[in-house]
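Chain naming follows the written order as A, B and C, and within any one chain the residues start at number 1.
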Amino acid sequence: MNETNGYILEVKKVSKEFPGVQALDAVDLSLRRGEVQALVGENGAGKSTLIKILAGVYRKDGGEVLFEGRPIELHSSSDSLHLGIKVVFQELALIPYMSVAENVFLESFPLKGNRTIDWKTMNGETGKILRSVGLDLNPSTPIHNLTVSQQQMVEIGRALSHEARVVIMDEPTSALTPNEIQSLFEAIRRLKAMGIGVLYVTHKLEEVFELCDRVTVFRDGKLISTREVAETNTDQVVTDMVGRSITTLFPRTHSGKGEAVLEVRKLSTEKKLREVSFEVCAGEVVGVFGLLGAGRTELAKAIFGLDPATGGEVSVRDQRLKLGSAVQSARSGVGLLTEDRKEEGLVLQMSVTQNITLPSLKEFATMGFIRRRDEQERSQEFVNRFSIKTPSLRHKVEYLSGGNQQKVLLARWLMKKLQVIILDEPTRGIDVGAKAEIHKLVDELAREGLAVLVMTSEMPELLGVSDRILVMSGGRITGEFDKDEATQEKVLAAAIVGGE
Amino acid sequence: MEATAKPKQSLFGRLILFNEIMLVGVLLIISVLISIGTPRFYSTTNILNILRDSSMAVIAGIGMTMLLITGEVDLSIGSLVAFVGVVTMDITNKTGSVLLGVLAGLGLGAATGLINGLVRTKLKVNSLIGTIAMMMILRGSVYLYKIEAVQNYHGLNAFFQIGNGYVGFMPIPLLIMIVLYVIFLFVINRSVLGRSLYATGGNYTAAKISGINVDGLKILTFVMNSILAAVAGVILVSRMNSGQPNAGQGFELSVIAGVILGGTSLGGGEGTLIGTLIGILILRVINNGIILLRWNQDLQIVISGIVIILAVYIDNRRKIARSKIITT
Amino acid sequence: MKRKLTVLAVVLLALLFTASVAFAGGGEEKAAAAGRIPKRVGWIGNYMMHEWYQNVQKGMKARAEELGIELVILDSNQDMARQVSLAEDLIAKNVDVIILTPAQQEGAVPIVKKAKAEGVPLVIEASAVEGMITMVAICDYDCGYKGGVETGKYVKASLGGKARVLAVDLPMLRPCILRVDGFMDGLKTIIPDAVLVHRIDGQGLKDQALQVATDALTADPNVNVIYGCNDDSALGALQAYRAAGLDEKKLVVCGTGGEGNAFIHAMQEGGPYKVEAAMFPEAVGYECINMAVKLHNGESVPEHYVTPTFALTTENWNKYYSLSGEVRTINWDAVNAIPREPQCGKY
């Protein structure tokens, strides 16, 4: 049977319901041969659910899926694979201690006379497949010796060994360097040339516009639109995603900086930092950029005292801080929003109010006992101000979405009246709608006169938010740019210099 | 997270959301069932017995709840109870003063708690292992101190009153328990200290970043826990009328079982005193009921075990029910 | 090839070692001839921390000193594997006789076999092991029986002749069950319509007995006899009785064992504790040494050598024990004069 209309994959009115929740609502989607189609949408919009149905992990409740014109039933992941649909999840499904070749041919080892594995053929075929995606590797290398980027390529190679016709990639670039991203894009373009259809799920709109042919937007379980990339722009896509228009992603209202508040001199740590020195002024937003392993998080933690330092000094308004003492830093007016807000920032079982007021308890205490009403009132102020969406102040924070959780953390620091705030990847894993609100809050922090230090790996955010940019590489500061003179190229150039 | 819509919930789901209500319900159901089998159950004597008998476990349970909230545990309280009893009786014998004897016992508790706390925070030894070691050290040491039980040579009435006396109709151990319970109820729910306990157990790093002296707090909690266990030990030695080196065996497990039945999590960050009180009462009522009903005494452990498993299962369902209330 | 050579070397060494040990052991045994006092006796104990065994030790040491025997005392701490290795140590060190308190009855069988094989006489203390030559132990049933009889006499004389019993047992251990059974049988010889109202498990511990007896007395407080399978059990139940506000003057308490001074203290108080089914731990130790000497001399010995048990009362206890401060001394003449059963009434 032939594919109809040149579509390799068609999803018709597919629905999926979970207890009390309509995850997908009569979704219609089509994928052409040799097309790269982006799937975008906020967290919980339904893209992951669709992917899992196509992978055979979930079973659809209604509608049908057509593969090359034929309706198919997907009961398990091996069904999908054998039919020719390969999904590359964020958590790669490779066996670390086996070799590349063994993983590529995992479900279908070539056999000699039906008994023993034909290593020669296997390695040979693997070599061919790897080269076709532009990867030059020894097929017997064990997986755990490869980088994440190389492992992803192996997964793609696996797809090819099964003669996949559809490859679905789920947020593939979150752990990749810019170079590795380019290699991935190359590999995907090669898949395109082979006539394979690619569904590409991502948060990063710049990738959509660089790589993809069409972009499909999900919202609240429904498919909102499918547009040709050449005929649309970021704003339109964002509007579809969020359901309302977002005029600017990076509002900047603060201006002018005061005197130096945070001074870091020759700060070093045992493993990473090498004599880092810089300062941040009141009302200033300094963005720190670096590739994976450059030392941004180490810097944040060392300044705050969460990790020990081996040398140097940190001062807040000329008052030297005791290195390695988080408690002291907190009491001296320094706040830290960690990269991993669930692991290190929020107390998940505590309520919104309790999380917001945690560092400020003394303000609300009489003789050691908390004045609950005061606490509630002040927290309500912040919830209103930041539009934190929660059914009540007593709601446990673990049930809020990522964006609202982050707002709670920011509210916490704003309530505290800090001098310095360090934000490590404040918008990681947060969808576009919430991102803009977070940036607004960062702006507000600066407006209130705080010295703001923002660590980020997202270039648009860096360029949009910062008054001044510091670039790190190999534990050192390798570049410094004012807002006006900074460009993506200059920043990247500094980021790869002197890497170890 | 897949859901953005408001989810539906079953009635059962909503009811069990309120853990304490469910526990009280269980307690009532069990009590009614036992009463049908034997009217002696709800006699004043029996109720007071149950309460007085539970007082030691509840007092120790207050400390254990606080400790579990911070994410730690203490398995040495059984051995501590024995040692405190021996020391208290011995010192009272030797000095003729009940006050000195009791202070000696409480002092031993404080010292033990301090060591447990330091081992955890400075030596960074996991509290499960650390307190098991302390349990063995205490149990061995009490025999080195006194190989035979210490009899009551002083005959002081004040000593007798602690465990056996009454104020009006209320047994003194019950009175002690109520006073301590109310004090700590306030502290845990309303004070900065209480909030800090939950924060430290819920997320150690977050608490640290917020300026809470997390290590100091843990040490303080270990000390409070051991002092409270020592109070239970003083009550016990008064009731037994001798300091027994072999007392308290299994005490730590029955306290922890009651605390967990009451909804406190072994992982830290959660727990209430009300839950602990009812959890301990439920287990005590089961044991009492089995004797009153003249059932085989071996059933005590079996039924308690079943109740604990059911309770933890329901607790898990409750967590799932709650997780359906996700908002964007 | 290298591997095979190593294995061969190890096997050869092992053979050489075993052979040397086997040959070395033989000669000296024959030197310890019949008709003499053994020079060295080793005792592998099981639970030395307990008061009971502290007193067994006292008796054993006293008798060993009297006879000029060097006594080696080892504690296995209830660990059967440790007992096996301690036994091997003692055999290797050429003790003349071994006394063993088994941690487990089945687990001690290999020790019995090994001692026989090596020709080392072995005296078992407390619980029977298959294949043993002799065991020194009390008769639990008869001990309880004597206590029951004495208690019955008291009930008849002073409490109106009706007996309702709360017995605190330890069902996990057969000796304890025998004691309670014996007590009731003995009691019934004097008071045929005696009723066992409660038979509860106190786990042999005072705090457990206290808690369980409290509940039992709530179920039925009409009790005038308390029996404990050991002293702690009886005393714990007594405390529960007192705490329940019941009348002590209408009660009699009988304990078992006399493992420590608690019972003497209780008897001296002048309260309801009137009878003690004493087991004389010192005498157990004493007789172990006696049996050791007999075995060493090749004399024939009974399979179960019964040590004395007797019902002590507030009137007669000081004939058998004297207490000064916290130290008690046994009166050997009186205790040794107690008639022993040739065999136990029940096993």
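Throughout what follows, a contact is a pair of C-beta atoms (placed from the backbone, for glycine too) under 8 Å apart; a residue touches a chain by one contact, two chains touch by 3 or more.
Keep in mind it's a predicted model, so treat the numbers as computed, not measured.
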Graph distance between chain A and chain C, where chains that touch are linked: 2
Label of the chain whose CA centroid is most distant from the centroid of chain A: C
Chain closest to the middle, measuring from C-alpha centroids that were averaged per chain: B
By number of C-beta contact pairs, the top two chains: A-B
Distance between the centres, which are taken as Cα means, of chain C and chain A, whole angstrom: 72
Gap in Å, rounded to a whole number, between the CA centres of chain C and chain B: 37
Centre distance in Å when chain A and chain B are each reduced to the mean of their C-alpha atoms: 45
Contacts with two or more other chains, residues of chain A listed in rising order: none
In the complex, chain B residues that touch chain C: 38, 40, 43, 45-46, 49, 53, 143, 147-149, 151, 164, 236, 239-242, 244, 246-249, 287-288, 291-292, 294, 297-298
Interfacial residue positions of chain A with respect to chain B in the complex: 18-23, 43-46, 48-49, 220-221, 304, 306, 326-327, 330-331, 335-336, 338, 343-350, 354, 358-359, 361-362, 365, 368-370, 372, 389-391, 395-396, 399-401, 404, 412
List of chain C residues in touch with chain B within their complex: 49, 51, 54, 200-201, 205-207, 210-212, 214-216, 218-219, 232, 235-236, 239, 242-244, 260-262, 265, 326
In the complex, chain B residues that touch chain A: 1-9, 186, 190-193, 195-196, 198-199, 202-203, 205-213, 269-270, 322-328
